[in-house]
Structure formats: structure tokens, C-alpha cells
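A, B, C and D are the chain letters, set down in written order, and residue numbers restart from 1 in every chain.
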Amino acid sequence: MNTIEKLTEIFKEFPGIGERQARRFVYFLMFKNSAYAENLSKLIVELKKESSQCGECFRFFLTAKTKSNLCDICSNSGDNSLLMVVEKDSDLESVQKSGIYNGKYFILGGLVPIVEKNTKNRVRIEELKNGLGANDAIKEIILAFSLNPQGDYTDQYVREELTEIVKKKNIKISSLGRGLSTGTELEYSDNDTLKNALKNRQ
Amino acid sequence: MNTIEKLTEIFKEFPGIGERQARRFVYFLMFKNSAYAENLSKLIVELKKESSQCGECFRFFLTAKTKSNLCDICSNSGDNSLLMVVEKDSDLESVQKSGIYNGKYFILGGLVPIVEKNTKNRVRIEELKNGLGANDAIKEIILAFSLNPQGDYTDQYVREELTEIVKKKNIKISSLGRGLSTGTELEYSDNDTLKNALKNRQ
Amino acid sequence: MNTIEKLTEIFKEFPGIGERQARRFVYFLMFKNSAYAENLSKLIVELKKESSQCGECFRFFLTAKTKSNLCDICSNSGDNSLLMVVEKDSDLESVQKSGIYNGKYFILGGLVPIVEKNTKNRVRIEELKNGLGANDAIKEIILAFSLNPQGDYTDQYVREELTEIVKKKNIKISSLGRGLSTGTELEYSDNDTLKNALKNRQ
Amino acid sequence: MNTIEKLTEIFKEFPGIGERQARRFVYFLMFKNSAYAENLSKLIVELKKESSQCGECFRFFLTAKTKSNLCDICSNSGDNSLLMVVEKDSDLESVQKSGIYNGKYFILGGLVPIVEKNTKNRVRIEELKNGLGANDAIKEIILAFSLNPQGDYTDQYVREELTEIVKKKNIKISSLGRGLSTGTELEYSDNDTLKNALKNRQ
């Protein structure tokens, strides 16, 4: 493979990028001046050097000058009685950016496939248990997964796995509320959404 | 205007139909045999003859042999302690088809525009009040509007208008629950949905 | 089936209309006043009474006062040395509306399926031959089918079927030109379009 | 700006990439191991080192071992009596990949904006003239621009600019053929496409 083909293969791994667009990226780079390419190249290496995975919530973050192995959310103040468990980094980003939540996070690293034997290899359930064991501040765990069959299954799975520890430490477990979301039109709602909206009326 | 143009104008009023499709409907009818057209023509007239508006919930229904001025939901048994207020007939159909609700309905006939003087001319708020005044079975009114600014505004409007009567008759008012709906992905959720989902966690 | 269900079934046959929209049409009609429904009903019957199929080009048209069995295009002046063969009424409408063509038409009544035995039952090839036999004005037949495999196959089929008669009567056969169409971007063109565009460069 | 923000800005310049996807690219890179990032970084620099712009057709290409300043199409055999003038590198790629054309290319570097004073600064019209002046093999120039107003305008512009030289050197100028392209349905065709298809029937 020549350099064009090699780069195309790499860009194809980028999220949402297919063969055709990967190739357009390569031609775009050939077309831009050397300074642009060198800057991009340098920043990619710096990004990896500067970023590490938080020892507590497991998200990726820029270490910057801190030299801490904790991300800014885990090391800063904020409500440490709340722990929101999410699937992935971008879910955390989305909640954090909304400004509606002031607690801590834990990134599970995936959803639990409904048909799967070795679940523990896929998600950080042991890391979650260990973290809870060493932490006496947490009063409530909020399970915050997308509303689809796999998210539902993961919700149940985590609840079961944590049964013992939340009982022992007297921690409450909750899941995000369900019902109408922004833009939901009654006429076109599915049965589950209507059922949740009716059950959770207030 | 010739018959093709006249019919095109009429079909353009059908929900979701533009000029081009309206015209295709006319050509479709020219193309079909006469029996088809006569059957359609006859059924349209029959539909109007057989249908009337329910005196209690205000939806349109087929009178059939009953000769009653009440629709089957209003005249049948079912939980008459619950009254769900919806915007339009198709919302009622959607909830009814889901099989999750066994109570009565009231069709408001529209949402309240946010900028509008003569609201009362637009929705059946007086009819709703009169109905409640004459009914001692109702224990809870469920406001079930689509989740958008106009739906929100209508929710508030109806609550205000009913303040006195629900107090006097000791009726509870609730609104459909809000939060994640089927298919909601955390990463792409808007702030309002996240806020509702967090607030209504359980 | 009650009237609502019967009408829904009929509207489901309308071009591009599914179950859900068919049902919305019925509720829309229940909701409109009787005058609207009666007018629609009456116009549908009138449309069928006033429309007939042209004895020459086979399109459907409004007979109006003329009492002729020929449509306005076939009976009017215009270039009767050109005959454009199209698949269906709406193709004729589209060409006619563009104002680029002043000749006559023939509606084949369909495309020829690539895998099919009894082709003659499906398209009006015999009617086309008979029409040509009785007509000495035509100098050129223009085959105007959509550019897809079935359209291509129909083009070949008609050319073969007409071989003898066009030779005998010294009629030219042509097909619509191929190449770039409005909006075609070179970068995203398929090979066939590029090939036609290159071959037909001028 | 921190490294995440800087990289996001750079990815936003990539073709077809907006703010949100640019940010997803950055998180994707943080998430991948260092080897992946280093490989990508290295290949980007190599790509720029290995690529140069062809001295004749002006496309970007990998120099590889050749050390020639001509790309493989310009230096290889092939029909050097044909010169296809295209807007950009990806147009050339598309035609070349189709395998329908065996001649040479010239990349104009853009389309000529319809309202613009200093056109010459935008496209390589002088380079094209100079190239033609020094080349006695070319017998036909094929203008191959996308079929939109700007492409049309560029076609006319290039024809005017080359009037003198093609006359002097007896070179033919042609443009890609127009008409139905793959998938065109007669019923939904625009007037220009119908007009071209009719005019170019054969």
C-alpha cells in the first residue's frame, strides 16, 4: 500500500467515515500546504501525550499541568454524594455541557449485550464495585443509559450486580425518568413512551 | 376551472398533500374504473351521514345503529374517575389503540397559541368546565399534550382556567410524565429532556 | 367493515398513501362539514363521467363539450410528423408542460418487464403498430423512457417490434439523448452517465 | 485554546465535517492507543513529503521513487490527442476510475464565479493557454464541468478564452453531452434536462 492508501485505511476507522470520505480527507491533505499538515501531525501526537484516563471515572482527559491522575470533575468540588453511571465519554460530555448536574460520574465503557457470556470483559463492573467499596460519600447512584433494549438490559444488569453493596452501604439506586421527551407528539408516540408518560404523570 | 382543477384544489386540502400529489390523485381516479369512483363517492357521503360529534368528549364517531349522541368510549363502562384532555381526535386514537388507558377523554380541539388574544374562541375550555361542573365521578384530570412550546403553554392555560373548579370539586390535575422516550440517546439529548429525566429519576 | 374501514381501504390504493395517512384522510373528512364532502363526492363522479381515453394516444382526458373521442393534443394542430412514445400519462404531462415539444404522443401503458413471457398483454405494442399503419404523416418516432434497466429494455423491445414497419414506411426511430442532467456533479457520476456524456460530447 | 480545541478547529476544515463530528474525531483519537496516533501523525507528514503537484495537469500525486515532476497519467502513454479540462482533482479521479477515458487531463482549479471581477486569479486559464501553446499533439479539448449554472458559465468562459489558440492550432473544443442520466425519471425531469434530451436524441 502506498501512503494514500494507508492514510485512507486509517481515516476509515474515524467515527462515521466511509471509504469515499476517507479518500477525500487524504486528497484534502495533499492539497493543503505543509504547515497545515505539520501542525495537524504535531497536535495529534501532543493530544496523546497530554491525555490520560481518569483513575476514578475512567474518562479520557487532558492532564495539562496538573500531573494528577484524576480528571477535573473527579478532583474538583461538586456534589460527591451523587454518582451518575453512563455508557461512554460522549454521554458524560453531553450531561456536563447541559449544566443540569453537579455530581460525579462513572464511565461503564459500553452497554451489556443482551446475548453474551463474558459480560465482565466488556464493561467496568468490577471497577465500579471497587470504587464504591472505597467511597463513603456516595448516597445515590443514577443509572443513565440510552432508552433502548440494550440500555434497559444494562440498567437491570448493573442493579443486580450492585444489589449487595448498595444494601450494605445504604446507597439509593435510581434510573433516569421516562416519559415524553422534547418534540414528542402524542399522535405518533409508541406504546412504551405513552405507558411511561402515563405511569409517571405528575 | 374544469373538473380536474376543481378536484385538485380539494385534494390539496387533505392532510399532508401538496399540489403535485393532489394532481396525481385526480389522474389516478381518471384511470380507475367507474365502479371504484362510484364506490368512493358513495362512501364519502355515507361517512358524513353516519358520523356525528360526541356530546361529551367532542370526538367524531360513527353513530351506526345506536342513535346515541355519545361515542362508544363515553357511553361504555370504563374508569370514569379519569379524564384525559387531549388536543385532537388522532391523539385520542393513538392513546386508545395503545390499550394503556381505560378512562374517559375530552378533546380540546386545538392547542392555545402563545401569542393570541381570543383564546376561548379557539379551544373548548368552556365546554370542558361545563362538563366538569355536571360530573361528580371524575377524580383526576390528565393533561396530555405534545411536548413543545405550544403544548406547554396549553398545559399552563388549562391548569389556570380549571383552578377554581378542581379546588371546589377536589379533583387532582396531572400532566404526562417527562424524561427519556423510546430511542432517546443520552449523547444527543437536548437540555430540557436531560433535565426532566434527571428530575424525574426513580 | 364499517364505513371508516372501507374508506381507509380505498384511500390506501391512492398513489403514495399508506395505512396511516389513509386513516387520517377519513378522519379529515369526518371533521369537514357536509358541503365539503358532498362537493368532493359529486366531483369524483363527474370526473369519471367527463373523462375518457383518447382513441389515438390512449391518454385519459376530459371530454368536456367536444364529444370527440380524441384528446386535445391529438385533435389540435401541432407537428404531426413527430410521435413521442412514453410510458404513462404523467410522463406526457411532464413533457407537455415543459413546452419543449410540439408533436404527438403515444402512451405505451407501462414498461416491459425484463423477465416476462406475455409482454403483449402488458403494453400497447399492437395498438402502436396499428396506429402507425394507418398514419402517413409520421416521419420520426421518439422513444422517451426513463433511464433505468426496464426503460432500456423497453426501448430495445419497441425498436425490434417496429423494425419492419419503420423500414416500410421510411420512419426514423430515435431515443432521448443521454449524458449529464441538471445538477449532475462529475465527481459523483456513475460510469454509465460518464460514458454517455463522453460519447455524446459535442 | 487547549489541544482538544485546537484539533477540533483543524478537523472542522476537513471536507464535510462540522463542529460536532470534529470533536468526536478528537475524542476518538484520545481513546485510541498511542501507536495509532503516532502512525497517523507520521503518515500525514510523509504524505506531504511524498506528494507534489504535476507540472502539466496540476493534480496532486505521490512522487514515489520517480522523482519526476509529472504525474503518472501525464508521463505514461495514453491518447495524447485528447485533453479533458476538469474543475478539480476528485473529478479527474472519478473519470479515471471509470476507465472510459484514455486521454490527458488539465485541472482548472475551480469554477468561474458568475459574478466576479478577477477571474484569472481563481482558475488556471493562463497555465492552460501556455500548456496548449507548447503542445502540438492535442487535437480535441473536452470541457467536463458539473451541470449547474457555474459549470455552464465556466464552459463558456474557457471557450472564449481559448478561441484564438484553438483556431490557430486547429483544435476542436467539445463539452460533455447532456440528456437523461442514470435514474432520470421522465415524470420528474426538469425542463432543461428534457430539452437537452430531446435536442440530443439519436
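Here is the rule we go by: contacts are C-beta pairs under 8 Å (C-beta built on N, C-alpha and C of every residue); 3 or more make two chains touch, one makes a residue touch a chain.
Owing to the predicted nature of the structure, the values given are computational and were not obtained by experimental measurement.
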item	value
Centroid-based (C-alpha) most distant chain relative to chain B	D
Interface numbering overlap (same over half, different under half) for chain B and chain C	same
Between chain A and chain B, centroid-to-centroid distance (C-alpha), Å	39
Euclidean distance of C-alpha centroids - chain B vs chain D, Å	55
Overlap residues in chain B, where contacts from two or more other chains coincide	90, 93
Graph class of chain-chain contacts, one of line, ring, star, complete, other	ring
In the complex, chain A residues that touch chain D	2-4, 6-7, 10, 13-16, 21, 24-31, 34, 36-48, 50-51, 60, 62, 64, 89-90, 93
Of all residues in chain C, those that touch chain D in their complex	86-88, 90-91, 93-95, 98-101, 142, 144-148, 174-202
